[in-house]
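Contents: one structure, followed by commentary.
Each chain gets a letter, A, B, C and D, in the order it is written, and its residues are counted from 1.
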């Protein structure tokens, strides 16, 4: 007889896998194929790659004489696991029209069937349970990527296609306040019972000098003040690498913004809409977040400051559930920190480095996180396209400081 | 009552337009979208652009209060007509998922209906007749491009998708012979009654010293001898710009070839197949054609030498009809020149320059041909993917000397 | 006893070699080293490469047990002769500080001494005479290049260094007239007794339709009219590749021009000076020459039209002698064609292709000219930095159509 | 009467300024000019830029009606101070032949004279003293850069020029040992009386878990073991960005190494020499240091671990004095840490970020350090080309992780 854990895992497997397909259900076939830049991927590729993950790291190992759906997929849908073979070049994912969307769904179905059987027959194995858990967390990350990438790809189309019609303007915003936090020799990192990635533990001591943290992220309206004050024209606000980007890429506003007849619009998953002035600013790079903070006479928090503050205080956020963004109808007045989860990922000033004594996963899955620990910065929280069950206080998201296609904003900090 | 000319034009219009759609009928929706390099286009784009051509250059002008199917298409599906507005960047055609294929077909249908009406009501107007003729010739060029581009795009897929299953190995090949031709003060260029492009006339005098021309193109087998003799390693065979390309692009054989266990294969529209040793070598650049000729102690013909020779001698060729390649079952023994039309376009040593006293078309259609008269070389004949009715002795095709995705081969020439 | 030919050759050798050194005598040591773009070379490199030419193609062959000055120089100072070994990368010539200028002069001296001895002992050998002649013509080409390259390199310095103080404003300019020329079956190409390059012969028949040729090149003043009329903004004047260049390189005027407070200045070898409005426009690309001609309702001449017209008519020109530009004090009124030699090289509309039945030089010197016969256009005449004795009616200079650092202008032509 | 501080500063000024000129005294004029990559600069530029620094930040401010030596130099010799005007593009420093070396020395002399006068008349001003101190520290940094850049530039010359003949092979090397260090809540950062940069303070608390640190850097011999074990071929040792670099740049060994007939050589300031197997490996990127550490089952230390260990233990090092490298004749047996200063800069695993509560310098000098705090890693110690008086325990050097032209090595660390 199966244990509750085993049954839960089977349910969880089905739920997560189904959700990926639900997420893309209103895409046209053509929308599944393209890739507007090397760092984004076609939706079809995401659906296939998350499937490859189960095939490569579980079925190959635990199903005797496992027959691959297609041997070439091992190459085509490997993302970056160099230790299992040179992957198909990332920049060419958008050139591969076959397998078609239908064939990709066929591939998913075949793997899901085999996974289901495996979970029934061997679901009690701890190692399989752990790998399935990673596979599902992995798929949830790609669910967020699917939406980021669709938005990015669609944004190149002068017809401004809308992915959904699900808009939620922010009717108000709390006044900006800074919470004082004592710090001291505190602890950060995960040590609970549930799942965490290998970059979130071990929980460990760190020293924080007394600091202050803003009660909410910077809003679009506030960011416009920065722009209007010549924020993008004054080198003194900018990191050197950021200033170079501003010039190379002709940055003058967050990604997806455009001005029409004196008014700001933003391209969203619901098409081109008037900018929501109360919403947290989104799609800014680390450089822009950092420049804003300097201009405002503040700074960004470290990831430790952010995590410690949010751990010990009441908070308020917005989430996506069942594939749709579910905003709170109002701010809770008693919350100290607003919108820390579920609106925008928040840039911290912490480069993405290993935690003391952390150990990457064994084998090829060790490539999952550890090898990216250079040149990237940590973001905390979670965005409106992050599945709710994927959000975690100790979660460490990371992006290169010039990237802007993720739903990234920031909140200010200061010394005391 | 309509004249025969008018009725013919209507029929011709329908036939050519239908053929484009027939050509892509076995593509999957996904195949219509991608673009593996800036110089190729998605099939969907070709279908829309050829439609735009009729809308832009005929309907806009002759239909009062013409309502565009979609105003944005004027921008999206302009290829390179700078004088009617800056076109959508060529390199981004493969990022545009909407309009979908179905919507594109809708666009075609709408324009075809309006065109049909116009041809009934105003089909007697000489100017309309001429523009329709150009529009159809234009569409035929894109029919060839559709097949070139599908082959190119598919070739990036390690699954080697097949577009059709229509292979025709060449069972034999005539011995290589050189026909002696006297030359003198001859004439080249079009002066018939029918259609020709503005780069083919006026017919004019040119002086040719006595020369020789090969009876058939160089074959794959012959080209392998060049490779085996170190053809790609010896700088003395190569033009300087070609030698640079060989190194930059790591050329060691024609495009689409690959060697597996000592044997040559070629990616074709019918998938990966053993190289047909008797077939004319195809998908070579001008540089490779020229290098082979030097290695062989010969040279390429000029376009004038080619045209004059072919005009005055019996010849033999293979064609595509109704969208399928229709090879002759045998070489005709009495023909002096084999396969001059319908197998491969043949590189000449003639840069693409204006004919003396030639006049580009008036207005924006003047951009059709004339502005490309630098840095390209003339190819004569026609290939196995050229619609038969599009083939003409005086036709001047042109490509940059490093391009290889067209079905291009060559035949040798020599002085007497 | 030595023949007059032999003595002349010795004198000629000394004269040409000395002149190279005289040419650079007012450079500072620092000026000899740099290279502002891959297509230009440091003056030091030119001095060494022309010396390498004699060492490589004459001394190595005719001096028994020849000891090289430095074996590494065979690599460092090879320009593009792939058949004698892979050359040092052209783009890195400006990184080589050693040999120093003094050591380079030492190298020249050593080779000159050995050459002098060889000319005394074996100067009667026809093969040596021919190779020395080529070596000297080659050195004269580099004398022109030295001045082109110094101008180019200096132009990157905001201090506007002056190479000399030798300015000659053009006080007047004849009215623009077009000479009518009948054409017919004419002959072009060299067949005299003296030296010519292997791209100038054999003399051969060509057919010219009746045409007209301007009596003088287009002037700076005339070119300003083109600019003022939006010449650089209207795509209809431009070849497609040229239009792309205009945008990529932000062209809005000839190279070296700049506007200060509404007035045009030009950077010259005499520093930044007010633009000489009567002088022929110089430092324009083929694309600009061609665009001007279209704008003016004319065209560029073919190289055959140019050569035939100049051969049969009186003409007038300016020259450089003894390293200094020696302008005529006035136009001769009886001349049909002015400034055809010695002011600016004149772009023709003829791509640089082999003459019928031409034969490249044997061996590695076959790389001298023939391998560049793709993607370049022929210029006729000679410029103010061309040594006078290097100018020849049948001379075919050639550059890529986007190059502008040569002293290149153009004259208009038209059909009759 | 002048105070000792004032006199000392004047002496110090002269000493440091003279030393820059002594350092380049055996360069040829040609060597001063070139720049083999955008990140290096010509020696001439360094001499001028350090002079500009005094002119811009001191003389302009404190000398009434100050007359610049040349107004254009304000643009030409600004490095990266965007707030005082857009600097001349870094990548073009090697194209500027004028001012000549002599004129540059003239410039130095003029500024030195004015500075001397100022120091006599206003040397008591605290602000001037502080700015002079920064200017001298700045010049010392450029003294190191001059040697790094000369080595880099010379390395492109196949003649392998030698800058000096001053070689010091390492006759022995202590056995590798790891010192155990307890850590805890410790302090790092500068709080002494003397000079420090604005990135070294304030001294602040940080928590260190118990760790171990190697007694000496990794040697060339040890690094060869990594290479021989396929270190550059196994992706599991590498950070993702590093692995990409390995492939893009074809890395297979540290910069300046080359293998001849099975033996390793290295290009050094004394020319090409056999690799000194006992010397610390140098000219490795962060990626290579990190990959070696993973391969060895260890890790790199954090900057805090490094500084804390070195602060509290005896140590041993080699230095450069008076422009020449002065190695110890032997290792001191009692030292816990060898060669921590004066051989190679040592990569740490710490990204270069601001210290808590640190404040950049006011005004434009705030651009000195702070704006580089992204994408770079901290190196500790000091190299054989760092002036001895410039070395400091709390010094934080920083480079991008892919840079290799600095004299950079590393020592291993581990958890306890």
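In the analysis below, a contact is a pair of C-beta atoms (placed from the backbone, for glycine too) under 8 Å apart; a residue touches a chain by one contact, two chains touch by 3 or more.
What you are looking at is a predicted structure, and each value in this text was computed from that prediction instead of being measured.
Trainee: Select the chain at the greatest separation from subunit A, using centres from the mean of Cα atoms.
Mentor: C
Trainee: Where the centres are mean C-alpha positions, what is the separation of subunit C from subunit D, in Å?
Mentor: 47
Trainee: In whole angstrom, what separates the CA-based centres of subunit B and subunit C?
Mentor: Spacing between the chain centres: roughly 38 Å.
Trainee: With centres defined as the mean C-alpha position, give me the subunit A-subunit C separation in Å.
Mentor: Averaging C-alpha atoms per chain gives centres 60 Å apart.
Trainee: Residues touching two or more other chains, restricted to subunit A: which are they?
Mentor: none
Trainee: Building nodes from the protein chains and edges from chain pairs that touch, which of line, ring, star, complete or other describes the result?
Mentor: ring
Trainee: What pairs of chains are touching here?
Mentor: A-B, A-D, B-C, C-D
Trainee: Flag every residue of subunit A that touches subunit B in the complex, lowest number first.
Mentor: Interface residues on subunit A, with respect to subunit B: 28-34, 36, 44, 70, 72, 75-76, 88, 92, 94-101, 153-154, 156-159, 161.
Trainee: Per the contact definition, I'd like the list of subunit B residues that touch subunit C in the complex.
Mentor: The touching residues are 80, 82-83, 185, 204-207, 209, 235-236, 238-243, 286-287, 290, 349-351, 353-354, 356-357, 366-367, 371-375, 377, 401, 415.
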